[in-house]
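Quick one: the structure is below, questions incoming.
By written order: A, B and C. Residues from 1 in each chain.
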Amino acid sequence: MNWTSFDTWIVVVGALCALACALPGCFLVLRKMSMMGDAISHAVLPGLAIAFLVTGTRASVPMFLGAAIAGLLTALFTQWIMRFGNVDRGAAMGIVFTTLFAVGLLLIRRAADHVDLDPGCVLYGAIELTPLDTVSVGGLDIPRAALVNGGVLLANLLVLTLLYKELKLSSFDPDLADTLGYSSQFLHYLLMTLVAVTTVAAFESVGSIIVIAMLIVPPATALLLTHRLLPMLLLSAAAAVLAAVTGHLGAIVVPRWFGFESTTSSGMIALASGLIFLLAWLFSPSQGIVARRFRRALDPPPLSNTETETT
Amino acid sequence: MHTESLSGQAVFPAKHTEPRPEHPPEVPLAIHDLTVAYHRKPVLWDIELNIPEGKLVGIVGPNGAGKSTLLKACLDLVPRTSGWAHIYGVPYRKARHRVAYVPQRESVDWDFPVNALDVVAMGAYRRLGWFRRVNKTETKRAMEALDQVGIAHLAHRQISQLSGGQQQRVFLARALMQDADLYLMDEPFAAVDAATEQAIVDLLRRLSGEGKTCLVVHHDLATVTSYFDWIVLINMRIVAAGPTAETFSRENLQKTYGGKLSLLEKAAEALRSTPR
Amino acid sequence: MPDFSDIFEVLLLQNYNTRLVVLSTTLLGIAAGLVGSFLLLRKRSLMGDALSHATLPGIAIAFAVMVSFGGEGKSLPALLLGATISGVAGIATMLLIRNTTKLRDDVAMGFVLSVFFGVGVASLRMVQDIPGASAAGLESFIYGKTAAMVASDFLLIALVAGAASLLSLLFLKEFLILCFDDGYAASQGWPTLFLDILLLGLVTAVTVIGLQAVGLILVIAFLITPPTAARFWTQRLLPMLLISAFIGGVSGWLGASLSALTPQLPAGAVIVLVAAVLFLVSLFFAPERGVLPRFLNQAALRRKEDRQHFLRAAYEIVEEQASGGSVANRSFPFEALLAKRSWSPHQLRRILRVARREDHLEPTPPGRLRLSEPGFGEAARVTRNHRLWETYLIQYADVAPSHVDRDADMVEHILGAELVRELEAKLVGALPDLSVPPSPHPFPSPSA
């Protein structure tokens, strides 16, 4: 195996992207809206296509805007169908994102005559190619994807730091948030905007697979390891970075075991995050399957609900 | 008739500048013409209610009578079909700082990764406002609130590891943090142990001793007379409201619960057992 | 542009090239509409989402296995078998996460969806490098490749879709009880685990055959959109199933035909869009639960209520003026009426305009109001009905809330003349028909 600066950049881009996703992902998971990440990431396709058809270029800014708007519209449409149609959230989400995805496919097929906008790249991305497209910053050639995802990560960090308390409150008890004057509706759409922007930034470079995996899997892993919100955010960040590093390593090493040449890093990063989840699932000190078996075998007094009952 | 020739503008003053009749600021909760409907089903009908200050008020009625909805409608949490609710003479959004709300325990996810102290500190969020974080002073006050409900030693425990009674106390402590004048509590006595129930009653008494007003949705007819100064009997509309001694009568209960004999017997027993 | 004869040829299945495609997507739509209905009622619509993504690794691995045994690797049944196996593994993982951790359904689904799909993408990329075997067509399972369908593929799809439809109709009652209340079903001795597995098995079957036709992302729409649309048309299960199957079938038939007529339009996307249009039509216009009929209904109800509230308020004002004496029609100030309820002056003026059109009001000097003779009669009638209704609610407080409609005017229809007379007797003793009983409120209203 020969590790090059190429590989380093791939890992850096993957890690930045995973970090940017994991932070808003924690709140998605806590709000029981994990599938919203899935819906948004599929539904941005028409946004990309329309931006491309209108401007005629693959310049990032219009593409970014178009996709972010499409993502936000997914959240809006889902909410409307739920409210006005009295439809279950899952079904509303499913209808919205499949429809938008279909619209996107048609638009891309129409645009296919002019230039290649491969729907496949939306799904798998091309993380291997990101180090080729660099921007010179202070004499150093930095991949554009690293800058974009780093910027989004900073934005997410900023919003979460400023509104940590508000997001915590409205995720735990939206009614109380409303009675205290923090509009839970506003915070919901703010979070959706973050998810949409993060998803879109991650697209071009790493594809939507990583996005969904990174939005959901590291937070779920962290939730199995801790009972507090701040540690959960930190642990999911750690799990995200770990997945990016091991995922890319796996992409280089694993195919050889089966006699293949290579594979895509984004798929392997998703797999790595799944394996990290598996480890937490089995071996979490507090909630892991093994720990619980072990405790049951030792048969200690159960964590009591009555011992501390005082007046 | 001559109706065609008379426009609305001609008959009535074009502009109605007089302010709406607002209730005097000493009435903690005044409700006028309140109707709430979910889809087409009405839940509350034509509610008229004035809650006097400093009283410990029980809201009593059968299941589905709209007790919780009444509280939520006062807090703008459910849309009203008609009518208004004024808190100390003004709409709720102008009186947030004077109200604390204790929702039903099942309304939140107790697996949420926070501990008891975090939840209680949420009671200070309105005071803090946007962006500012929970500071040392508020943390100290949260500890004191937990101490007042007798579970200061559980401050750092994750909330899913608390018993039902302890979870209810966490909610009460959170309401205490809000430092309000009007407390709206939705079934605080539901599924709690006897010790917690007593602790809650003591706390309510203390609050009303300090001149605070407490509105408590309550289920257990047997304890109504011993807990509350004032009661509101409700079954989609107000059946009766007034001091417990006068209002908690067999006749009124029958109007509230209908012919449910077992319930009425229980109530009669309660009436007999309370010294008048 | 295709001309009319082309259009009819395709729609009526006379064109050999498109016949198989259109028929198979139609059958697929019917089957998905039926199976998806249960999924919707079980509130697991997105299960199809996770499941369809989870099939991808199976396809890649099945291909690799076939190639390594010297095959060509493109046998559809074998690829679909691989898809089924990995789909089932996905479901198993989902259920395992849900049952052994505190994580919820949504997280379990998101996990399976993303990780399995990630593995699928990674293995797809690997097998593409296999020398001498072309894996190029495999990616079409993601977006669907309807055009490339041969007779044996059609037979497989028709067989599976038919079987899934038949089974879901056969187990109608069992699935209904499972979806409505699984706890109760279990307590009644129904094998809920078996039924759940059967249902998920049917979903898997439909998803897998849908992969070939519309691709794994758009097959999700087939499972979700028709049932959700059907839900707006009816409140009962069997009609819902049939409508859902119909919508699914029509989407498949129309969508595939349209795409056959215009080259470049991928069938899967067109089918989904047809289904989405049908959904929108249902959402807005379905008479039972559509948005527009509900809105109109509510507006009408509101007007009716306003009318009744106005008449009752006016009557009560006059009644208060009479202070116990016989109630006679007199004039009263606008403000008195305004204070009765929570109308804004603007609202009240609108209500009064309507009342004037109905001849319920007499011309009066500004600021004062007076009911007309017919208006007074109507006000007395409305007030009487309302009070009777309220008395009924009080007398039968335990049963009344279950059939409360806001419409006190219906008091005679709902309760019957017999009961109304009895209630009247309770309130005031024997009285002539149109007299108004006293208010049953035991306490004075604050506005008095």
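Assume a contact is a pair of C-beta atoms (placed from the backbone, for glycine too) under 8 Å apart; a residue touches a chain by one contact, two chains touch by 3 or more.
Given the structure is predicted, the values throughout are model-derived calculations rather than measurements.
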* Pick one for the touching-chains graph, please: line, ring, star, complete, other. => complete
* Report back the single chain whose CA centre is most distant from the CA centre of chain B. => A
* To do: Could you tell me which chain's Cα centre is nearest to the average position of every protein Cα atom shown?
  => C
* To do: List the centre-to-centre spacing of chain B and chain C in whole Å, with centres computed as mean CA coordinates.
  => 34
* **Geometric centre distance via CA averages, chain C-chain A, whole Å** => 30
* Taking each chain's centre as the mean of its CA atoms, how far is chain A from chain B in angstrom? -> 40
* Residue numbers of chain A (touch at least two other chains) -> 32, 86, 223
* Return the residues of chain C touching two or more other chains; collapse runs of consecutive numbers into ranges. => 102
* **Junction residues of chain B, two or more chains touched** => 160
* **Residue ranges of chain A in contact with chain B within the complex** => 30, 32, 86, 162-166, 168-169, 171-173, 175-176, 178-182, 223, 226-229, 231-232, 303, 305-306, 308-311
* In the complex formed with chain C, which residues of chain A make contact? -> 29, 32-35, 37-38, 42, 81, 84-88, 90-95, 98-99, 101-103, 105-106, 109-110, 112, 119-120, 123-124, 207, 209-210, 212-213, 215-217, 220, 223-224, 251, 255, 258, 260-264, 266-271, 273-274, 277, 281, 287, 289
* Touching residues on chain C, where the partner in the complex is chain B -> 102, 297-298, 301, 334-335, 338-342, 345-346, 349-350, 352-353, 356-357, 359, 361-364, 366-367, 372, 390, 393-401, 404-406, 442-443, 445-447
* **In the complex with chain A, residue positions of chain B that touch it** => 39, 72, 75-77, 93, 96, 99, 101, 103, 107-109, 112-115, 118-119, 122, 125-126, 128, 130-134, 150-151, 153-154, 158, 160-163, 165-166, 193, 195-196, 198-199
* **Footprint of chain A on chain C - complex, ascending** => 40, 43-46, 48-49, 97, 100-104, 106-107, 109-111, 113-115, 117-127, 129-130, 139, 142-143, 217-218, 220-221, 223-225, 227-228, 231-232, 264-266, 268-270, 272-273, 276, 279, 283, 289, 291
